[in-house]
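First chain written, first letter: the chains are A, B, C and D, and each begins at residue 1.
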């Protein structure tokens, strides 16, 4: 029951993260900013619109958002909630999760390619490029956690992450968290990898791929992006919140709070640094990769 | 075993009939294809039986030979390899019925069908052999038959070049195998597998290296792979499917059998296999990324997949040596299952590529595009293959890659050395996975999505019914394995137990049973979720008609199909990054003057190893041969002098 | 008793080798080779103790007939028909020929020490002389341009072999020896015919022209396909 | 019966000079060779005893080589009928240099051919080393006119080289025989094989060694071992196809028999190690030479000749290794003879159609002469030892013995040269077989593919393939018997 409640909570709360990010950014920009719940309204509005399809597209263009959303929904079933078991937890589930996110990416990219628009193709090209560098870093970060905790499922790993582990292996966990954070930014197309607020198609990654989508399709994409933000953010929150109390409510509250703190941190980050040049992004991801490798080395040396 | 023999006989007999009916394309196709299908169906009976109830059947033909004997054995490992062979050859034969129609009237098809069936038969013989001599006979028949098929369109000089490279690679590989078997047979008069003595010490390592070279040449280990990207595109597509799907796996099969005779293994063998896997996997996919030709791309992707299989084999060997059995079991399982999976989806993809080539007359990615509108069925099948080969759930490619990755994860807590191997495996698998998905997004996108880039795509038609059926069967198999993976535990564990010891079989069942159930559940969930969302979307759009318009062009007034992002542009950030390995050559004739006429820019992803390793070596030997050709100078006096000098030297040294 | 005579013959054969090596005239060479053959043919008569057997006499006379009369006649005829120039046209100078010849003697005598003859034959120097003659024959073949000199060289080699064979007079059925002789005869005969054909086809019998068949293609130098 | 074996071709050959009618002469050739084959089969069945002291007799070794020679000659005679009728009506024109030439009178050709068979038979049945020598020299002299069948400059040059080099070489073998005699003086062994073998232990080892060296170099010249092989490519490329086939398939084996006889004596004298090293060394040298010259080869008949050198190297290597390798070497010699003869037969058809021996000018065989193309390619696979074939089994057995004997360097070199040869041959055969055929030449009329010229080759190839799948008991026994004779019964 709790598991279902957790899952529903994720489904309802994740669009709020984007609202938080935007409010924080507006605060730093000295603006009032859009309402916190704007995304909910947008989604609602979009679901009721009639889409417009390009003549060059096929069924794949329509299937892209569906698969993208479905895959992320499934991936979320694997992601732990406040260090507690999710309902699709098994040994090796992290592999399934990463590959499900890959499926979502693959579907989005193909849908973008279906339009035959150079801009969307360009975005798709960048999306796959960054994934190539981000995914090994992500995998190795999880491998470091697995070696540290001796567990092979995400839920068990984070459940096994106690304050004692943090005390004894703070350096490892800090490195892992840093790596995860970079991957989190890259995979969700946040600054410094991508700027969701830019208005020039040539410089975008994720947004540009959705240029042609409209109506419910666009709603699925936006919602899927919000869920993905939660999915990856949850891993970081779980990593930095090692303490588990007996009460599910306390834990959940703390965890959700942490998620918003994370969103706020992203907002702060986006306000104080600029987007990197595309050529530099691989270096950033390599940094994450080296953090993961370093974490593994420290872990091995312990 | 009886049915296996029947299937080989049917194959050979139908090959003969196909030759006899050479005059009529219809008859020869009917005979050839029906022979292959009947043989596959009969052949599958004992195979499935052996996999369900592990058993060991033997057969010995009464043939007197001075060395070797005609003995055969069907055990679970052999059966496991026979499954893809039978399925793929049957599908490819059906596909070939339609595919070869384009040559009707231009070429007699009898030889092509005969060679196809001989190729199938020879693979069965290789797998069933329990003696070096029938093994090598099957092996060489396989090489010769596939060579004849590669050279099918021998009027093209490109094809002849591919043929020569393929031939030489095959010949060299066979010599290594000869050496390997000779080493195994050192201690006995016989060359039967059962009589092999384990070579001691250094000789074991030499035998292992011979196996790596001999089988690696067939499997396409980097840098022994150079024949592969030449030969596969040259062959007719259903043959490419069989070659890439199952024939190169015979190298893996042979390696597994050879490992069996080489116990105890050395740790460095595992490391060597891991290295080969890493290098082949990464370079294979990186080269695949840079290709312009769909069939070449698929050929390089085969190298990548062979890399994955070898990686699995490598961690398996390492696991056994270091006594980390879950790692070993999962590594071997991953390798084995990937053999089957790759046969299915690579066969499917080559058939898709063939359908495209057949329809559009070219497999050049930059000239294609938008074909999914004209060939919707082929597009769906190709998409299934592409997603499967990228290792995406819920398809079969994910399951085997999961085994290897999961195996590596289980070994993370192992001592530092093994853990390093595990970490390397994880990182490389992740990189290969994403690169492959980029590569196949490019391939699928360039061929089937967007708008057509050239006039060639205008007259495109959907693939013929048999072609469609063959692809459909393979696509269904890909989906089936993805969803029903728990069913694989028993046959896989039987094959592992047979090939690598019963302990590993049990270990595999223990380690993989539960995760596979979850994966299956995950796949079903995904399917359910997708169905739900689709229904939801239908519900939202009820009674509304989506409007149609042009693609958003960011305000540019007159876009043309040629202005679409090309396949090379799509991967350009990645190929730029890997330029040191790819050594892509750029040819640019820039704009000159005030009224520039035309400009041209194209890149060529040449075979790096061929240009920088083999061609110089071959030239060196040729130059050496040339330098010493004055020995045969034409002068009698010189010739007599050789005799005198040799005689004197012999008298001085030997008397 | 005969040992001294036999040794004298050996010395004569060696001297003839030397003169073959330095002789510049083709006709002289033919005569020298014939003389060598005839002298060697006397050896079997001296082999046994006491009066020579009838078998040895038949054999010796056949050899003398063949080498002293028929071969010189054949070769001279070939030379005249082929309109060959008079000199032997060596590739190397005469001093070099002599030095090579002497080197061959040295090598031959070294080899002779390695191969001690059984005590039954008391003639010294048979093995070295025989080997030296063979080497001289090789010298003629390898350093002279004309086809005729090559046949001549072959004959000298044959002489060398006979020196050994006859001196030792290895027990053999007469039939076999006659078959061997017949072969040699036919060989020289066929060679003569061939030289005749060569002179007709090529206008002269220098073997320079006879080097068309080769695997040496200098024009392709440096070209790597 | 053995005398009859020599006598039949001898008499037939002599009478061929007298017959004036082409058809009858050709009929005589075929019937004489058929009779010879029948007699050979009879000998195989009857296995006549060897009478000590007799000059002629057949042991397993002689029987094996006699069988090869007889079968090959029968194939060649069938081939010759059609071949000669082609030659008769096709004016001799050499497309390489464009000169016109005449052929030798057919009477001389057929006569010499039959006499050549007689001489080769004599080689295989000789039990006396002097007789053996005389017979080998006779083969040289009798085959010289055969090589000079096409009367033009290049064939004359080839004939001259063949004649001189082989004669000089065989002269050395005579010296070797005499040395062997000298070795046996004390023991009173003579040159009769029986007495030599029975008194082998008493022979003077120094003389036996010297004798073996001379015999090896002498017969090795005739056999075509590098570096004495120099006549071989010339003679094979310039002679008519069937003569090349006989030279490569039968004559080289006969010369090899001479060496084997010497090796037999040496093994009896306890010098097997001494001979083994020499066999291995020159075997590898031949392999290397063949590999080097096949790579850049431009003439397909020369290429076949070098491939023969390669195989002679393999035989030598196998015999040198002893044990199972001897069996392999003998099996290889059987299979090689058949395969190479078949290939030469096919090359004759190609030459007749394309009028050139240049590899670069022969293209699209598969298109223009499909049956020939298939046979040509099949021959390639067989000659390179692709299983199933007798050559493959031979190669495998030799390799196994090399490794089992601990000759790792030799094994590596062996494999390397085989690979180079395979690559070199592969390129050549491929370039010739595939591709577009050139437009039918100016001559207009194509000789086409004569069944009669292809069937012998096809039969030989089928035999070789069968040898790789099933070894008949009688052949296996013969080879095993021969192996024991050479001293490979380890």
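By definition in this document, a contact is a pair of C-beta atoms (placed from the backbone, for glycine too) under 8 Å apart; a residue touches a chain by one contact, two chains touch by 3 or more.
Source: prediction; values computed, not measured.
Chemist: Using the contact definition stated above, find the chains touching both chain B and chain C.
Modeler: Of all the chains present, those in contact with both chain B and chain C are D.
Chemist: State the pair of chains with the top count of C-beta pairs in contact.
Modeler: So the pair of chains linked by the most contacts is A-B.
Chemist: Report the inter-chain centroid distance for chain B and chain D in whole angstrom, where each centroid is the mean of the CA atoms.
Modeler: Chain B and chain D have C-alpha centres separated by 43 Å.
Chemist: Averaging over Cα atoms per chain, report the distance between chain C and chain D in Å.
Modeler: 29
Chemist: Rounded to a whole Å, what is the gap between the Cα centroids of chain A and chain B?
Modeler: 36
Chemist: What whole-Å value do you get for the distance between chain A and chain D if each is reduced to the mean of its CA atoms?
Modeler: 77
Chemist: Which parts of chain A, given as residue numbers and ranges, touch two or more other chains?
Modeler: none
Chemist: At which residue positions does chain B touch at least two other chains?
Modeler: Touching at least two other chains: 622, 626, 629, 632, 636, 638, 640, 643, 651, 655.
Chemist: Please list all residues of chain D that touch 2 or more other chains.
Modeler: Correct list: 160-161, 164, 168, 172, 206, 210, 233, 293, 296.
Chemist: I'd like to see which chains touch which, written out pair by pair.
Modeler: Pairs of chains that touch one another: A-B, B-C, B-D, C-D.
Chemist: Which stretch or stretches of chain D touch chain C in the complex?
Modeler: Those in contact with chain C are residues 55, 128, 130-131, 133-134, 137-138, 140-141, 144, 148, 152-154, 156-161, 163-164, 167-168, 171-172, 174-175, 178-179, 181-182, 185-186, 188, 190-191, 204, 206-207, 210, 233-234, 237-238, 293, 296-298, 302.
Chemist: What residues of chain B sit close enough to touch chain C in their complex?
Modeler: Listed in rising order, the residues are 619, 622-623, 626, 629-630, 632-638, 640-641, 643-644, 648, 651, 655.
Chemist: Can you name the residues of chain C that touch chain B in the complex?
Modeler: Against chain B, chain C makes touches at 91, 107, 111, 114-115, 135, 138, 141-144, 150, 207, 210-217, 220-221, 224-225.
Chemist: Which residues of chain C touch chain D once you look at their complex with the stated criterion?
Modeler: 111, 114-118, 120, 130, 134, 138, 141, 147, 150-151, 153-154, 157-158, 160-161, 164-165, 168, 170-173, 175-177, 179-180, 182-184, 186-187, 190-191, 194, 197-198, 201-202, 210-213, 215, 217
Chemist: Taking the complex as given, what residues does chain B use to touch chain D?
Modeler: Those in contact with chain D are residues 63-68, 132-133, 136-137, 139-141, 143-144, 151, 154-155, 157, 160, 163-164, 167-168, 171-172, 174-176, 178-179, 181-183, 185-186, 189, 191, 206, 618, 621-622, 624-626, 628-629, 631-632, 636, 638-640, 642-643, 645-647, 650-651, 654-655.
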